[in-house]
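In the two complexes that follow, chain A is the common piece, with chain B as its partner first and chain C second.
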Partner chain A sequence: MQYRTQARIRKVVLYAALTAAAVVVLFPFFWMVVTAFKEPGKEFTADVLPNPPTLENFRRVLTEYGFGRYFLNSVVVATVSAVFATLFAAFAGYVFAKKQFFMKEKLFAFLLGSLMIPGLMYVVPQFAVVNRLGWMNTYQAMIVPHLANVFGLFLMRQYMTTVPTELLEAARIDGAGEWQQFRRVMVPLSVPILATLFLLTFQFHWNNFLWQLIVVNVERLYTVPVGLALFKSAHEELYTLKMAGSCISVLPIAALFFFAQRYFIEGMTMGALKG
Partner chain B sequence: MTTRGRDNLTAYAFLAPFLIIFAVFLAFPVAYSVFLAVHEPPADSFDVFANLRFVGLANFVRLFHDTKFWWSVLMTLYYAALIVPSGIAASLALALLLNNRLKAVRTYRSAFFMPYVLDMLVVGIVWTLIYSPHVGIVVRVLNAVGITAFSERGFLGTPATAMPAVVLTNVLKGAGFGMVLYLSAIQNIPASLHEAAEIDGAGAWQRFRSITLPLLKPITLFMVVVGTIGALNAFVDVYAMTSGGPNVDVGGKALGVTWVTGYYVFDTFYTQWRLGYAAAMSYVLLALAVVISLVNRRFLRSEV
Partner chain C sequence: MRSFVRWVRCAAGIAALGLLVVPCGCGQKSEPATLTVWQTYNDEESPVFKEIVAKFEEAHPGVTIRVERVPFNGAEPKIQTALTTRTEPDIARVDVSFLAKLASKNALLDLEPYVPAEFRDEIMPVALQSCIYNARLWGLPDQTNGLCLFYNKEMFRAAGLDPERPPATWDEVVEYGKRLTDARRGVFGIGLSNSLWWSLPFFYSYGATFLSEDGQHCLLNSQEAVDAFQLKVDLYRRHQIEGGAWRSGGILHDQGFQSGKYAMILNGPWAVESLKKTGIDFGVGLVPAGPAGSRTNVGGNNLVAFASTKSPKLASEFLMFVASEEMQRMWATRLGQIPVNVKAADAITAEEHPYLAVFVQQMKTAVARPQTPYYPEIENLMNPEMQAALDGTKTVKAALDAAVAEIDKLLAGER
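And then the complex of A and B:
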C-alpha cells in the first residue's frame, strides 16, 4: 500500500517536471502565435490571450509586405533543393553501399572529412563562385551550391548497405540493367530513408537564411527568412506584424514535423548514434 | 572494355552529379579562399571581384593585430563555455525525465524536440520580444516580484546578461537533440548493471554517478565537439538578437559582448565587403576547428 502511494507521488512529480519543462521550451512559440493575433499597439498589454483576436497582421504581412511572394519562393527553393539533394545523395549512397570502384574508400573518407569544416568557412568563397558564374539574384544561386549533402550521402549508404545484395543480383539475372537495378529494386526498398532525407533537406533549405540573404538582393526573390530579417531591421517596432511573419515562417516545418516526427528525429540523430 | 572498367564507369556515372556539385561548391571554394585571403578589393570599387589586388599576407598580419578579432575569439570561447555545459545539462535532464514508464512519454519527447527543427532566426526574433526592456514579458514578471535591474535595457541590452540570454535561447531550442541521443544511450544500458548495484546497496544518485554517467561518456564527448564547432559557426542567433552588442569599454575600445567570430566574419564580408579579410578570418576558424577535433580524437583514444 505504501509502495503504491509512493509510486503515485513519484508519477505526479515526474509529470509536473515534464510539463514545466514543456511549458518553458514551448513558451516562445505560444507567445509568437498569441502576439501575432493581437491588435497592433496591444502587443505589450497584460493580456495572455489576444483580446479581441485579429487576422489583420497576417493579412498585412501577406499583402502589403510581400510575405505571400516570399512564401512561394521558399516553397520553390526548398522543394527543388530537397528533391535534387535527395536524388544525388541516393545515387552516390547506392554505389558506396553496393559497388566496388576505383578509389572508393579514399573518396568516402575525403567526403566525410569535409563535414569537419565549419560551414561559415564556405560562405565567402561560395559567394565568389556564384558571383563568377553570374548567378547573383537567381533561384539556382539559392539551390545548386547545397545539393551535395555529405551527411545525406552517409545516411543513404548506411541504409542501403542493409538491403540484401541478392535482390540486386536476382534482378540483374532477370536482365535488369544498372539503372533498372537502382530504380526498380533499390529505390522501392529505400523509401523510408528517401523520405527522411527529403524532409531533412527541405528543412535545411527552408531555414538556410544566411546563404539566401547573401546571394539575393532583389525583393522578387526573397525567401521568408530573408524577408523576415529585412522586415525586422526596417520595422523594429511593428511587433505584431513581425510575429505574424514569424508564424508564416515556422508553420510549414512545424506541420511537417507534426506529421512526420519519427523521420525527423531518427534522421537527425542517426549520424550521431551510428557514426 | 574490361568488366572492372565498366564497373568503374557505372559507379562514377552514379556519383557524377554529387561529385560535380561537391567539387565546384565545396572543395574548390575551400582552396579558392586561400586565393581570396591574399587579395583585397580596392577600397573605391563597388565591383568587389573585378580588381582584386594581391596583398600577400597583409590580411593575416592585420588580423594578428586586430583587437576586435581576438576579442571575437574570446567571445566565441565564452559562448562555447556557456553553451556546452548548459546544453549537456539540459539534454541530460530531459532524457532522465523521459526515461520513466509514463504514458505520455512520446508526446513530451516530440514537444522537446520540435524547437530543434524550427528556424533559429524566428526563435531569436521571438525571444527578442520576450526579453525586450520596459514591456517585455520577462521584465514584467520580474518587475512584479520587485526586480527592476533589467527594466531599462532588457536582458539583451545589459552587458552582463546579453550572452547568457542568447545562450539560453539556443539551449532551449536545441536541448531536444541531445535529449534523444542521451535517451537512447540510457536505454541501452543493461538493466542488470543497475540491479546488481542496487543489491550491493547503491542508492539512486550513486548508481547515476558510477553507472549511468560513465556509460554516457561517448555521447557527452560528441556533444562537446558538436557544441564547440557550433560555437565557431554561431551567427544567426547573434544576428537575430543582439547584432554583436551591447558594447562595453575595454581599454578605451568599444567592444560588443556578443561579438563572436562568426558574426565578425559576416560583418566583414556582408557589411564592409572586405572579402579577403573575411576569408583570412575564416581560415583561423578552420584552424580552431581542426585543433578542437584533434584534441578530441586524442581524448577519445585515451579514454575509451
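And then the complex of A and C:
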C-alpha cells in the first residue's frame, strides 16, 4: 500500500516536471502560431489570442513576399544536399567500416580531427573557392560545399561496423559482387542510420542562414531563413509576417520528423552505444 | 604504357577544362558603367529606392545600377566575407557604427575629392558627421533619426493632465509620472531601456560629452554624466515612476507603451507608423530638457562606396543623388522619415506630418555620435555597469568610473 502511494507520488512529480518542461519548450511555438494569426501591431497587446484572428499574414507572405519561391529554393537545396551527403557518407562509411586499405586508421583519425575545427572557419575559404569557380548566385554554390560530411561518415562507420562481416561474406559466397554486397546487404540493414543522417543534413541545410546569405545576392534564389531575415529592418520587425513565414517553414521539418522519428531515435542510440 | 598515355591525355583534358573555367570565374568584373548596390531597406522603402535608382539611370544614359536587397542583419557578415575575397559591391548601405570600422580598415572610397563643400552644406550636420572618420568623408547619409518622447494621450487625460502638453523638462516628467503611475495595476509613468544608445538623451541633456576630441578618452564619468544617470536611477528607485523596462525579463519600453503599461517612452520616428495601426491615441514631444536643453542622440544609415570600385566618380555621384534635395523631399514625404538634406526639411509641415515635424525640430538640437570603430564594444562595457547602478548594487559614480576605466583601456588598445 505504502509502496503504491509512493510510486504514485513519484509519478505525479515526474509528470509535473515533464509538463513544466514541455510548456517551456512549446511556448515559443505557441507564440509563433498565435502571432501569425494576429493583425500587425497587435503582437504585444494584452490579448494573448488573436482578436480577431486573420489569415492576412499568410496571404501576404505567400503572394506579396514571394515566400513560395524561397520555400521552393529551400526544398531544392535541402533535399539535394541531404540525398547526396547521405549517399557519400554511406559509401565512405562502408569502406572505412568493412574494407582494408593503406593508412586506413590514420586517415580516419585525420578526418575525425577535422571535426574539431569550428564550422565557421570554413566559411571564408569555401566562399573564395565558390567565387573562383564562378558559382556565385547558383544552386550548386549552396549545395556542393557541404556534401562531404565528416560527421556523417563517422556516424555511418560506427553503425556499419556493428553489422556482422559474416553477412557480407555469406553474400559473397552466394555470388554477390561489391556493389551488390553494399546495395543488398549493407543498405537495408542501415536504414535507421541512413534516415537519421538524411534528417540531420536536411535540417542543417533547411536552417542554414549564413552560407546561403553570402553566396547568393539575388532575391530569386534566397532560401527561407534569408527570406525570413528580410522581415527585420533597421528599427522594426514585422513580427506577424515573420511568424506566418516561420509557421510555413517548420512544416517540412515537422512532417519529416513525424514520419521518421522511429528511425531517428533508434539510429541515434545505436550509433552512440556501439562505438 | 598505353594506360599511361590515356592518363596523360585525361589529365591534359582536365587542365584544359580548368583553363576554360577559371577565366569565366574572374569574368564578373563590372563594366565601368555598371554599379552594384547592396541595400538593406524595408518593404516600404525598397520601392521608393528603386524609383530613385530609375531616376538616376534616366539622368545618366548608359549607366546601369544593379540593386540587390540584403537582410539588414545579414549585411555586416556578408560585406566582411565579400571583402576578404574582393567581391564587394560598388556601393552598400551600412549602419553608422559599421562605417567607422570599414573606414579604419581602408575598405572605403575616400569621398573627399568627389563631394564638393557646397553639397556638404546641404546635409544635416549631425548626419554628415556620422560619415566622417579621421577627419575625412567616407560616405553620405541616406537616412537619419533621433529620439523623441512618445506619450499616451488617453492616459494623460485619465490622470487629469493636458494631452496636448507633454512634459518639457525632466522635472515635469517626475511630476507627471507620479500622477500617471499606479504600481498596483502595473502601470507606470515612463518605461526606459537601458543600453548606452537609449541613455544618451539623458547624458546629452545634462551636457555630458561622450568621447574626448581626440577620441582617446571616454568622458561619461564627468559630473554631468553622473548627474544625468542619477536621474535615470532616481526615476526608478526614488520616484518609482519608471516601470523597470530595462530589467531582464521586464516589459520592453515599446511593448509596454503598446499595452498601456507605460504612459511615456523614448522612441524614434520608425515607431510612428506601427503605433498608428494599434489605434492608441498618442502624441510626440521633444526629449524633456535637462540643464543643457532638449537633446537627442543620432542614429541612421549611410551609403558608402568601396575603395575597389571601378567608377569612383559615378559612385559618388550616386551617393549625392540619393541625398539630394529633390530625392530627399520625395523620400521624406512618401515614407514619413526625417530628410537628411536640410533644404528638403521644409517639406515636412506640422499640418501634414504632425509627428515627423517634431522629430525634424528635435534634430536641430541633436548631438552627433563621435565616430569610433569601437562603438559596439563600448556599449558592451557600459551596459552592465549601468545595469548595476540601476538595480542598486553600485553607486552611479562607481559604476560609470568602472566602465570608463575599461573603455579607456579599449581606446588605448590595451584590451
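Note that the second predicted complex is superposed on the first by the 239 of 275 C-alpha atoms of A that agree within 3 Å, B and C clash if a C-alpha of one lies under 4 Å from a C-alpha of the other, contacts with A are read in each partner's own complex, and residues count from 1 in each chain.
Here, a residue touches a chain if its C-beta (ideal position, glycine included) is under 8 Å from a C-beta of that chain, and two chains touch if they have at least 3 such contacts.
Because the structure is a prediction, the values reported are computed rather than measured.
Asks: Specify the outcome, clash or fit, for chain B and chain C once both structures are aligned onto chain A.
Replies: Because the two structures are overlaid on the shared chain, the partners are seen to clash.
Asks: One more residue to check, A:M136. First (chain B), second (chain C), both or neither?
Replies: second
Asks: Could you look at A:F44 and tell me whether it touches chain B, chain C, both or neither (first, second, both, neither)?
Replies: both
Asks: After the superposition on A, what does A:A109 contact: first (chain B), second (chain C), both or neither?
Replies: neither
Asks: Tell me the contact category for A:V218 with respect to chain B and chain C: first, second, both or neither.
Replies: second
Asks: Check the contacts made with chain A and report whether chain B or chain C touches more of its residues.
Replies: So, of the two partners, B touches more residues of chain A.
Asks: Would you sort A:I173 into first (chain B), second (chain C), both or neither based on which partner it touches?
Replies: A:I173 sits against neither chain B nor chain C.
Asks: Looking at the overlay, what does A:L210 touch: chain B (first), chain C (second), both, or neither?
Replies: Both partners, chain B and chain C.
Asks: Just chain B (first), just chain C (second), both, or neither: which does A:V124 touch?
Replies: both
Asks: Which of the two partners, first being chain B and second being chain C, lies in contact with A:H235: first, second, both, or neither?
Replies: Touch status of A:H235: second partner only.
Asks: Between 135-143, 279-287 or 369-377, which run of chain C pushes into chain B after the superposition?
Replies: Once both complexes are placed on chain A, chain C clashes with chain B in 369-377.
Asks: Would you tell me the residues on chain A in contact with chain B in one complex that are also in contact with chain C in the other?
Replies: 44, 46, 123-124, 127-128, 131-132, 209-210, 213-214, 229, 232
Asks: Quick check: in the complex, which residue numbers of chain B touch chain A?
Replies: 7-8, 10-12, 14-15, 17-19, 21-22, 24-30, 32-33, 36, 49, 93-94, 97-98, 100, 102, 104, 108-123, 125-127, 129-130, 135-137, 140, 169, 172, 175-177, 180-181, 184, 219, 222, 226, 229, 232-233, 235-236, 239-240, 262, 265-266, 269-270, 275, 278-279, 282-283, 285-286, 289-290, 293
Asks: In the complex formed with chain B, which residues of chain A make contact?
Replies: On the chain A side, the touching residues are 11, 14-15, 17-18, 21-22, 24-29, 31-32, 35, 43-44, 46, 84, 87-89, 91-92, 94-95, 99-102, 104, 111, 114, 116-129, 131-132, 144-148, 150, 153, 178, 182, 203, 206-207, 209-210, 213-214, 225, 228-229, 232, 239, 242-243, 246, 249-250, 253-254, 257, 261, 264-265, 268-269, 272-273.
Asks: Using the touch rule from the top, collect the residues of chain A that touch chain C in their complex.
Replies: Interface residues on the chain A side: 39-42, 44-46, 65, 123-124, 127-128, 131-134, 136, 209-210, 213-214, 217-219, 226, 229-230, 232-236, 238.
Asks: Help me check something: in the complex, which residues belonging to chain C touch chain A?
Replies: 21-22, 24-28, 38, 40-43, 45, 68-74, 77-78, 81-82, 84-85, 87, 95, 143, 145, 252, 254-255, 258-260, 268, 270-271, 274-275, 277-278, 301
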